[in-house]
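The structures considered in this document are given below.
The same subunit A turns up in both complexes below, where it pairs with subunit B and then with subunit C.
This part shows the complex of A and B:
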């Protein structure tokens, strides 16, 4: 269902599907180097930093909810245009398309590189990327609802599998002493530094775009979707950071590109059950596929709205090509890691959470869309 | 006339079937979604068949030696790599011969392993050089144990092991051990009649001997963590070969291994083979080997770490009670290296393990005629840490660290001399006191050894308790625990609980005397440790 030009979007996504879809989208990065980045920034208190970051992102989700809910089911782009005006709104929307593409590009590059490093070492990166792209473009074109149902179907078993691997891998070498000193880089740095680390949850921004697609059976249910999915992802991320720090130490985790993969490689039960990465790959692929497909869909939807085209599926291929190109720009995986830590992740939270909060304030001050409704009412037209 | 509430339309059954079909479809879709991605994992680019790969089962690393046999720095001379490549074709033959009553080297007289060696600047170059030798591509994906020669270990393993930690085909879970002498000599000379594959024996010796474990650091991962945490140091299993006699009827070890065994038929003379034994642990600090602990020291080191699971240990006791062990009796493996081969061991750990090191069996007339055998079943350790003289973060005055270790060790009695009476409450208590004193003494000695001889290697993970006193990582690093540990005051309190006397109470050989005491001399002195 494409977003309408002016009217509300028809809601098809159920409560469970929405949570599974968004939690997968936000939490998929747990398989990449994101846990390492958090430990890199927070040392032994990386898991606390992560909780602070998730708390900050929650405020962002709250702001986003109040912003988009003012417009009663209109698309995110329409909300932008009604708040700041049509032309600035389109510019802002285009910037958000680029932002989403950048986020997706980094994720796809990390997933593809991780796949090459750990699973198919002799397969060219280009082959992995193009195959992924073709698969994702097809998946994205199925639409958000299909993705939501697929996510709801596989999220629980694969999430359980993921936790099982994590627990078993962690239990053999788990050493709580490695969590100390508890405040890692210091209390002030942990708490204050955790706020920009909300960039780790940049993907929670997608809640604003998916919002009109979520069916609301009870008041406040959409807000629950936003917060619950965020905290499911945050819990998974915290578990990985905590376990990885306790198993590998903070120093080693901070330099490990794929901590979850390393944890899976530690999986040994007795002396006979080991080397279970093949099963782990299933979870990895599922999360990567759903995340990337949803990212493409959202980018295409937003771009279609910016350009005022109803058939957003036309833009899946162009957006996908843009993401693929961007993903191949960094020369090495280390470049991607540094880019994330130093550049993208340090400002991502502003785009994802601060701007929607500012938009909320502007909308409140300008009383949109209520002000428009009142004006129309005065002119004898029906309100929105 | 059917009841009113009976559904005669069949709609209920239809609904039920529909729900069932939906449920089945969902499960099928879920299963497909779960399995489909694994298809990607099965595909590969530049695939290799199993028959095209040769698996390295044992990998040895050594320092290169000059003409006079002195080890050269690895940074200048490179390293010597020795690969024991598995020959699967021969494993079945050897195993079959074993079942038929044969011993090592059966199955046509060949061991199922070919040994390749090369000197190279680093492991990557070595792997490349090794790979040129055989027809198949060498792979370390199924490496069973990594053995490092003592000389190289003493130079430090930071650079050497980087590939092990970085390269995807290596795993953190690879067992690692240090060999006395060269790893190459160890791989070439040892043999086993217990396992059909020699690498399995080494792996089990290092990792799977949980009941007779002498070290908590068994894998590459443990070395990595101890190095990175800055709060504890690793003690890796120390191996060496041990020559032992075997009957010539079971002439085995044809080929490479049997070559040195001689070929006499009948009797035992001249039939020797080298078995692999654990002789203790190699202590590390900053990924560099700094010394050795014998088996007894290692067991008490494990007790102090709280990692002791089970151990069979003998403690010498003298009539009248009291502790025999003193610092003069704690000898390092090096000191005993020369003449200890073939002699008994006081530890009893791991059967042949410990042969030649540790304390020798007491001899008659030496004043320590008897030993009490105890099976330790675990140790609970509480560590109380006080950081004095500073704010705990390395201020102007060097802080003093005081650690109080409360050790509760539980075990069962496996053997007592007949003059030790464990049939009374007082007897058990007295024996517990005597053993506790001995254990405490040994613990203190191994701590003192770590602080001095082993360059302050914290093999006991005391640092894990100390780091909890700090709020930030920066404070902890500034505190410089490895240096503080050298000056730390460690007080050890040991409580021994010998919960079970085994399947009998008194020594059966002393029953007569005990009965006489019980029946005819009820007022005899109750000291349990007496003649």
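This part shows the complex of A and C:
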């Protein structure tokens, strides 16, 4: 699926599949500790902080869209190389591969640890990680088109299950008074603090890599895909933050490891259907698996492009092993959280959104791709 | 030191990795090319050109030299020189012939020549068309053999026939000599295989007219007249000449009688087939309560006739092919001209023409030759024994393949709907049909994961089970000495034994096996504390659920996957089950059969009408499934119930078929 040396990448992903895939990729962390972190930062106004973060991320997606759409279907790596030169472009691409691997490593570790804590306390972490890795790498090698179709197939029923858990779990203990004061620690802090929280949506950066694979049936449809998937994920995150704050209070939510899991544990229908968190964790597993497999695919595609190799599939297992190794480096789950907050959340938004904006400016100043190519593209011809 | 211009090892490695691969076949006009992860389809080198989207010949592009390189061009040129060239004919582009393979090109060329010569394209006998197609477009082996020709020497001709048919060793090869009543009496002989012909036909329709011809005719019957008028003497529907000894022998093996006459350098082939065949009976595997109770039999002509009786349109095309180097099995490819996507038809024909197996005597064997990925759990074709099912699929735009000697026909391409839907869904009112489908889907899911889920819940997640039920299960397992997973596996394997035994044993005692297995063994196992009652219940529910699956291949798939689920459920609980479900789901979304996604239209936003999971009213199914890219999307008039005085509200909106977002 990786691009050829010069030609445009062929498009396969439909509109619905793209949205489901990217929304899953961005929003799967709703099951992890991310809602807690947002409440920790924004207190009762955590959900507003989250919306500000999503708004900031939207600007990043816009910048990314304008950057990659200049190149008319070329791969992200090719865009980098055409903008900043071949060698710097390859270095930048390699850095992005490492960035993606880091994000994926944290995601997989959180998932494995969460599973161990919540469902399989006796099973070694290594066993969970290796089993997950084997399945994720295999499905990643089937390609993002298959992942997209599966995401589109599973998104609606699992999304419905997710909403059901939220509604039923929150219905008995829901107390709207607990989301007050509305502005939490202050308007200024909420709004200004929300901008770096865009790191929460670092995964929206993947839109740039997936972009050339999205089939565009109408002008601007790819932009819709980017923004819509981001806001679907943001809506899910907001719903979780809002519900858990209203049910557990802000202070408890901020200290809760996995708020959605705790909400699922409160799921009681009558006196019969209870303790269904295992089923909930299965739903978490689906979202996390699609997210991780897509991450591996994208890492492999980017790495293959950096090395100039067309068969990206060869790199799935090496990238997967790298991610697995990275995920097992932190000793405890606390170390993972610290790493996540210090290393990724603080600078993630810069790598994911600011750098593409800078690249867009450079591309505009350097007029790449060249004017002839752009003119041809405007006339509907391939610039290549 | 590397000399100037020599590529580095890295560069060569990258070049090798970047080598072009032939694209996967797809019906989707928007599908711009293959994903590297998807299986490519390649015709065997030298047999037929591979089918590519851009029409380029990629059959020779292998692993050696880079595409377009001088070495590759040379290889291609040599291969072309070695191949017998199929002559083109006006009006049919060369690439069409390339697509269909050399065998088809030859067949088409022959028909075209006949047409150009003023003859009708339709031969006198219904089976003659097939004979022409198969004999002219036969395998390379038969083309090599076809150099032996009949001559004017009667004895030499007879000797050749004896040699080809091994008449000295084979007792059932009959050579009946006699003299024609012409002049001094021309020597003649009938050559046939005793078991394959109808003796009455030979006696009444061949020997009698030839032996008791009128005196006038006998007087005029010189050698030249005999050569000219011999067909007129034989009152058979299918009579034709054959100059090739080997092709005549092939026809004899299909039930023809060869008439050799002194001084005539060809054999006269008369269709006289008459072997025993089973009569049409009720379906054994796909039974329904409401609907036709007819199933295919082992005779190809009968099966085609069963389909033709249900699809009485002249647009139903039935093309014959011959497969199997040794078995020479006849294969009928059925499709509806103007409905079925032409690319799909060409691809099916190309693949079947490219099959070079030795003995293919059942549709299941052909199915395996048509599979795309090497290790595919999903078949690329779906088999059915019901003519009504074939008729319904043909009307939707599928291609059907019927193989001689097989009571199962193949539906191409196989999609998930073929596995889930049942003809009976359409024979009952739509709410009942929808209910049946939902029950069937639930049954399929239960048959696949229930034992695994039970093992996982008991071993890893007991908190999910309500306390009272958990106590009941624990008390029933108290006396069972084996681990739960062993208990479940033993029960499942025992059930599979019973199932297989029930199929193999003679039918009068078949039901007894089921009763013995289910009642006696189950009851005895529980009493002996080998199995807990709950496990017996779980296995029984699983078994009953598996019988709701309407397709045999789907049943096999579910049975295999059940063991996989039990293994991972016993090892990793719901994590394992979830991961396998996820991976299996992605795999199903990845598989393409003949360019169509297996999961269409479940995981593909193409219009399929109200006929996916649920089944809408028949009068709402105005269009054919879009994922088949049919040439005529309209299945029935927009207002199918034309007795309604006014159209439905909002009807105008749908008056024209518009592509959905992802189809456009």
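The rule we apply is simple: the second predicted complex is superposed on the first by the 370 of 384 C-alpha atoms of A that agree within 3 Å, B and C clash if a C-alpha of one lies under 4 Å from a C-alpha of the other, contacts with A are read in each partner's own complex, and residues count from 1 in each chain.
In the analysis below, a contact is a pair of C-beta atoms (placed from the backbone, for glycine too) under 8 Å apart; a residue touches a chain by one contact, two chains touch by 3 or more.
Predicted model only: the values in this text are computed from it and were never measured.
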Subunit B versus subunit C as contact partner of A:266, first or second or both or neither: first
Touched partner set for A:177, first subunit B, second subunit C, both or neither: first
Touching partner for A:313 - first (subunit B), second (subunit C), both, neither: second
First (subunit B), second (subunit C), both or neither touched by A:16: second
Partner chain in contact with A:217 - subunit B first, subunit C second, else both or neither: second
Contacts of A:62 with subunit B and subunit C, given as first, second, both or neither: neither
Touched partner set for A:139, first subunit B, second subunit C, both or neither: second
Which of subunit B and subunit C A:293 touches, first, second, both or neither: second
Which of subunit B and subunit C A:124 touches, first, second, both or neither: first
Overlap of the subunit B and subunit C footprints on subunit A, listed as residue numbers: 119-120, 123, 127, 150, 153-154, 274, 278-279, 281-282, 285-286, 289
Contact footprint of subunit B on subunit A as seen in their complex: 43-44, 117-124, 127, 150, 153-154, 157-158, 173, 175, 177-178, 180-187, 247-252, 262, 265-266, 268, 271, 274, 278-279, 281-282, 284-286, 289
Residue numbers on subunit B that touch subunit A, as the complex places them: 26, 29-30, 33-35, 37-38, 40-41, 43-46, 168, 171-173, 207-208, 221, 224-225, 228-229, 231, 461, 464-465, 467-468, 470-476
Complex contact set, residues of subunit A against subunit C: 1-2, 4-5, 10-12, 14-17, 115, 119-120, 123, 127-128, 131-132, 135, 138-139, 141-143, 145-147, 149-150, 152-154, 215, 217, 272, 274-276, 278-279, 281-282, 285-286, 289-290, 293, 307-314
Contact footprint of subunit A on subunit C as seen in their complex: 14, 17-18, 30-33, 35-38, 457, 460-461, 463-464, 466, 572-580, 582-583, 585-587, 589-590, 597, 599, 602-605, 661-662, 664
